[in-house]
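Think of it as A, B, C, D, E and F in the order they're written, each chain with its own count starting at 1.
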Amino acid sequence: MHSNIHTFIGCDCAFDDAQIVIFGAPFDSTTSFRPGTRFAADYIRMDSFGLETYSPYLDKDLSDYHLTDIGNLDLPFGNAAKSLELIEETATEILKADKIPFLIGGEHLVSLGTIRAAYKKHPNLKLIHFDAHTDLREDYMGEPLSHAAVIRRAWDFMGDGNISQFCIRSGEKAEFEWAKAHTHLEKFSYETLASVVESIEEGTPVYVTIDLDVFDPSIFSGTGTPEPGGIFFGDMIKILKTLSPLNIIGADVVELSPHYDQTGVSTATACKVIREFMLTIL
Amino acid sequence: MHSNIHTFIGCDCAFDDAQIVIFGAPFDSTTSFRPGTRFAADYIRMDSFGLETYSPYLDKDLSDYHLTDIGNLDLPFGNAAKSLELIEETATEILKADKIPFLIGGEHLVSLGTIRAAYKKHPNLKLIHFDAHTDLREDYMGEPLSHAAVIRRAWDFMGDGNISQFCIRSGEKAEFEWAKAHTHLEKFSYETLASVVESIEEGTPVYVTIDLDVFDPSIFSGTGTPEPGGIFFGDMIKILKTLSPLNIIGADVVELSPHYDQTGVSTATACKVIREFMLTIL
Amino acid sequence: MHSNIHTFIGCDCAFDDAQIVIFGAPFDSTTSFRPGTRFAADYIRMDSFGLETYSPYLDKDLSDYHLTDIGNLDLPFGNAAKSLELIEETATEILKADKIPFLIGGEHLVSLGTIRAAYKKHPNLKLIHFDAHTDLREDYMGEPLSHAAVIRRAWDFMGDGNISQFCIRSGEKAEFEWAKAHTHLEKFSYETLASVVESIEEGTPVYVTIDLDVFDPSIFSGTGTPEPGGIFFGDMIKILKTLSPLNIIGADVVELSPHYDQTGVSTATACKVIREFMLTIL
Amino acid sequence: MHSNIHTFIGCDCAFDDAQIVIFGAPFDSTTSFRPGTRFAADYIRMDSFGLETYSPYLDKDLSDYHLTDIGNLDLPFGNAAKSLELIEETATEILKADKIPFLIGGEHLVSLGTIRAAYKKHPNLKLIHFDAHTDLREDYMGEPLSHAAVIRRAWDFMGDGNISQFCIRSGEKAEFEWAKAHTHLEKFSYETLASVVESIEEGTPVYVTIDLDVFDPSIFSGTGTPEPGGIFFGDMIKILKTLSPLNIIGADVVELSPHYDQTGVSTATACKVIREFMLTIL
Amino acid sequence: MHSNIHTFIGCDCAFDDAQIVIFGAPFDSTTSFRPGTRFAADYIRMDSFGLETYSPYLDKDLSDYHLTDIGNLDLPFGNAAKSLELIEETATEILKADKIPFLIGGEHLVSLGTIRAAYKKHPNLKLIHFDAHTDLREDYMGEPLSHAAVIRRAWDFMGDGNISQFCIRSGEKAEFEWAKAHTHLEKFSYETLASVVESIEEGTPVYVTIDLDVFDPSIFSGTGTPEPGGIFFGDMIKILKTLSPLNIIGADVVELSPHYDQTGVSTATACKVIREFMLTIL
Amino acid sequence: MHSNIHTFIGCDCAFDDAQIVIFGAPFDSTTSFRPGTRFAADYIRMDSFGLETYSPYLDKDLSDYHLTDIGNLDLPFGNAAKSLELIEETATEILKADKIPFLIGGEHLVSLGTIRAAYKKHPNLKLIHFDAHTDLREDYMGEPLSHAAVIRRAWDFMGDGNISQFCIRSGEKAEFEWAKAHTHLEKFSYETLASVVESIEEGTPVYVTIDLDVFDPSIFSGTGTPEPGGIFFGDMIKILKTLSPLNIIGADVVELSPHYDQTGVSTATACKVIREFMLTIL
């Protein structure tokens, strides 16, 4: 008789064998509207039980690969700087072992930890970002480490020309203005995604961050700030297929807030996105 | 230290400066299935906190205009006639000051108060109506003042040729038959909207009433009678863009029932519709 | 003063006069994820009150036909074999009277009872199946009578070439492989439906089974295993129009789980599907 | 095969045989805070399935008596006067047949219909009232027929000395003052109930009305205006035992609002109160 | 980096060191009203995070003891006999290692597996049972292995004089009658518990089963059949203190149904009961 | 026509006339389990509409006094130190005007701002604390400004002998140990409250802080960490009556988390506690 192992859909291979290493970052202290993303990774693991390992979209099966889920980090509520350090440390260790870190948030700020780790290893890193929100504020009520500023913080070190943003439908006027000079930002849709993907030289390391509020809240109510006008699940499948030629060396899926997912549909959607996303990377 | 002002997204300019005057009508006594629209205006004000003032759809910002929200009227439950008089009085006063009344329901019957006020000032008024339901009953269980008869009551004084209805997908057979002779009624969609808008002479005063159950209940569960088969948020943006050449002199958004909006998505959608709608009018 | 008759939308004609006979099968013992479809028929009857009898889609009215709702069967929890026998008996009796049985589940396994009855009367029966899931397992954890195996069980007696499946988006790899040899299975969509319908010789008896999880969970959260990527209500209208030339001699609508329908939208959708489906058959 | 009979816990004997006749009054148009009691009788019938017919409190079994449930009246929303007439008619007919009318609300105003019928037959009627609220307003925003005035309206014809009120914990100051001269009103508790019961001459006809918000909202959230500080289920059992010597000739249980009973506990409590209350009367 | 261990409140010592071994039995196929107890153990583990290890009631701390949580068994839905065998096997193994099995249900039927294992090792076993329901049916709709018959099934081998039942407030008349000859059954309360405990000879092996619906549904809505009139948390503390002199060699806590626990209060209560119950045993 | 004033139950007198000044502190960044108290003050104002101004418990009416509600402070999420400064500033200004600050949280940490302001004005301040939790941690995961440490932080400047804690039922062992030397802490109940009140010299300034999780979660589910075993509403009335002789110069009510109050009962309870508490102070 042994201890109870609890993972996303049975991803419990040994760390050394893993191609992808999943971990959770239960942090939501800078959330400005409805908090609660801290619970996301736990609910995703629990409800992944309702999901098959096989994808009829990709005709691939998770059980044919090696993945492991190392659980949640222990993060100090209210201390964003410290939490980001802990996330960065873990991602660095995974990258050092030549594995792909796959982070489950938490609020969007947590992505900054993995992106920093990825950038340190790969200074030629490209960032592809799907979201309802620009996340380009200089700061939020004086605080530079905010979920509403996470892509701006990544830009601080990645600089112009390396960040592409899709499906953005909310933000302050100043953020949209700023983006014109510094990132590739497509409002509402992802029509330019294919050309962005083509423009990235083969083999270039790419980090992909998916804020789940990119989905329309009809299919994804369980998030801090629901924004009508988002994409549907079929769009996500198309996006992932478009991303598949890339060399994705790190990824995250953030902003599920399970207590606003009364029906379980958002969590089911998050689970399926994670399955399809990991099968796309593999 | 001063009293607590509570408005839609900070619309708190002085009445005299306002271009648009928002007010709420918490009345739902004739609702036939699930009541509760009386709570809509309060929830909309509260959750408008999660919304930016800037619209990336229109590239316009509410903070560049003057609007005020004068709160809710005090309406007697169960007395439809009296409630409509009180709504009409307020709308009349706003119109007299050459401002645009913007009513937040309540059930759809409340629109009759503002439409009557608008018609009194503008006898050449046109009415444009978005809804899941025909709202053309002669009466509902003997009662002529009913949410299910509101457009029929407007027709009583506006007459043939002045009312256009879009996206209608529910009603009794007799209502659809009646409409053939008396209103322009497009079932399910809004393909004829552009030609209706074009047919209205420039400058003609127009009143627009949006029953939020025009939306598909996937994005808008929080309403009395959910009717699958409705429009999505992207459709609403197209509708508003089509309406923008018109001289809209009064408007309303009705039928949010917040206690059936467990996820908050309907309220978020209502907030965004109101922002986009007001920016369209301005 | 008489007893309280409780039916779907007033379908209470005498049995002998009925064209369609509605009955409920409150059984969900083999559900693998979220149980509760046992409550579906009761909620559907209750909320059908919010629905008109007239369909603007078909311009037909239920009140122009004769239908009856004979209520729910009394089924033993946990005993699938016995429950199926009872369902089969009732369907057989309805078919014997040359009426159309219309079954409201319950989990999908209940369809097997009506399909068996229909096949016994019509050995040249064709089966048309709409679902998110293949339902083609040989067994589920050793149990051949499972919701996840119901179409496989129908195949056991119907054999190759008689079963068509549409909109399927979830299952094990082995099920999709098996289907290639034994059923017509279209993944994700229903583009081949028209040609399948055309290929069925006029007058051939057809049974249609609709697992409501064929819908996208944005519009239909109230089901055991929500699967993003499903169809919308407009698709269902198109599907029903495509089916209308067929000689449908039996039908069911299954897998509504009302306690996961916090907003009532799934139940409203189920009600409307049943109205449109019955008007299509009539 | 016969039509679907839907009753409280199987109470479906023939009207002529019935000792108690249950009926529902789905009316809530004068509700001042959270509406929705219109749905109560339907939910009570549906969830009564979870209840045994046997009471271990009284060691009596409903199946040993004759009861019938004749369903809901068809009442016009928004028309209180007409609705009360229809309720009064039904109660009168039941009383005429020397049976006990047992009304399930709806809002508290519906009781007035049955009380009027009972008073017409029994001018020496006594009224015993359990509630959180005084319900003694002269009118509510000008409306004399209001849930908040129902006991005052009964007093209009019953006069001083015939009405006893228990467990009252909310109301306007003026109502409590008025009660001192006109009713027996015990605040918060029911300590004087036994002496009131004793003071009623044997055989005197008594009507008992239970507003379910008399319960603490911990056990009964599903009501329009939850008022902490109420009674618990054990108190209700004591109350019913105290009432058992009386000659109860009519009764009602009102103010369950099922859509505020997310857990089903209020409905389960209402069901059990009705079972125990009817067994007390029998 | 290691796999993710998921346990009740950090109970993750090595099996060999454990005094108590926790395991979950996700089975609910015979539930007659609202199913869903299959999810209980997962939610209990997840929400145990909100709980301290220290009990101010007992002034004892879980972290001073050795416990392990070995996770959930993999049980076949719909097959009660097989599920019970698997539970019995696990409990037998734990007992063989001279540890205390602590089972988290699942519906009440799962207790039968552990009780059988305990009885095989200790033929002089006593059973103490807390519940709202008698659970003494001979069978339920013909099925002897039912949640409503679990104590009767234990009696089948334990016989008269060994079973004590407390707080029972629901059941069929025949069950209460049967109990008079075969078990000690106290209705509604636990006043005789102390004398029952005293009557058990020191050191006698005792199995304690707590059906959480023994609680009043005001504090415990999250269960299949809520029964008003139950005990409160303070009563449970008193009960556990009364049990503390006993030699408890096996125990279970069953019937939490998390999807009916919208507020999380039932799960929090279950967590605290488990903490206090285990500290009582230790 | 004027702006929309939104207050607790109509408390909108001019600041200069006010005896009590209500304000809200929407801050919850250090919450360790379920966040969301940031929404409390808004929901309390909205639902206070369902409450009368008259208390039958105290036979006093809020409308006979002068109170004002100045709305919510604008606090930076994630910055506890800055938020506390802003709260302290506001409370200081209110105290300087010889009025009573009445703070609505937010998480419990916000109380520290008002207590600091009160202590600065009244160095002989006494603190009376009602809570489920000790709140006496030295720090929480390294952070001294935490909801779990708020009373310890007050002790830092108030010192031994000035703090009394009641109804405490949860905490770490070390906190209970620490309390023995530094505060008066009564576990579970408030039996010593009367003697504590008596021991306070007449006229001594007293600050009272009520963490609403002191209530049993049966009546108060809407809080971050529900702890069964709390007090009921009747206890709160007794507590307030016991407090009435004191010279209360500041007060707060904290830890309502409305999104975990699905039924509205917690918010209704909070509203009534605030009404009774303010009438006790006046």
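Keep this in mind: contacts are C-beta pairs under 8 Å (C-beta built on N, C-alpha and C of every residue); 3 or more make two chains touch, one makes a residue touch a chain.
In this text, all values refer to a predicted model and were calculated from it rather than measured experimentally.
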{"item": "Number of steps on the shortest touching-chain route linking chain C and chain F", "value": "2"}
{"item": "Chain centre separation in whole Å, for chain D relative to chain A (CA means)", "value": "55"}
{"item": "Centre distance in Å when chain B and chain D are each reduced to the mean of their C-alpha atoms", "value": "39"}
{"item": "Touching two or more other chains - residue numbers and ranges from chain F", "value": "32, 34, 216, 218-219, 260, 262-263"}
{"item": "Interchain contacts, given as pairs of chains that touch", "value": "A-B, A-C, A-E, A-F, B-C, B-D, B-F, C-D, C-E, D-E, D-F, E-F"}
{"item": "Residues on chain B engaged by chain F in the complex (per definition of touch)", "value": "1-7, 12, 15, 21, 42-43, 45-46, 68-72, 93-94, 262"}
{"item": "Chain F-facing residues of chain E, complex", "value": "49-50, 52, 54, 56-57, 59, 61, 216, 218-219, 232-234, 237, 262-265, 268-269, 272"}
{"item": "List of chain E residues in touch with chain C within their complex", "value": "28-32, 34-36, 38, 76-80, 140-143, 146, 259-260"}
{"item": "Residue ranges of chain C in contact with chain A within the complex", "value": "32-34, 168-173, 176, 187-188, 216-219, 221-222, 225-229, 260-263"}
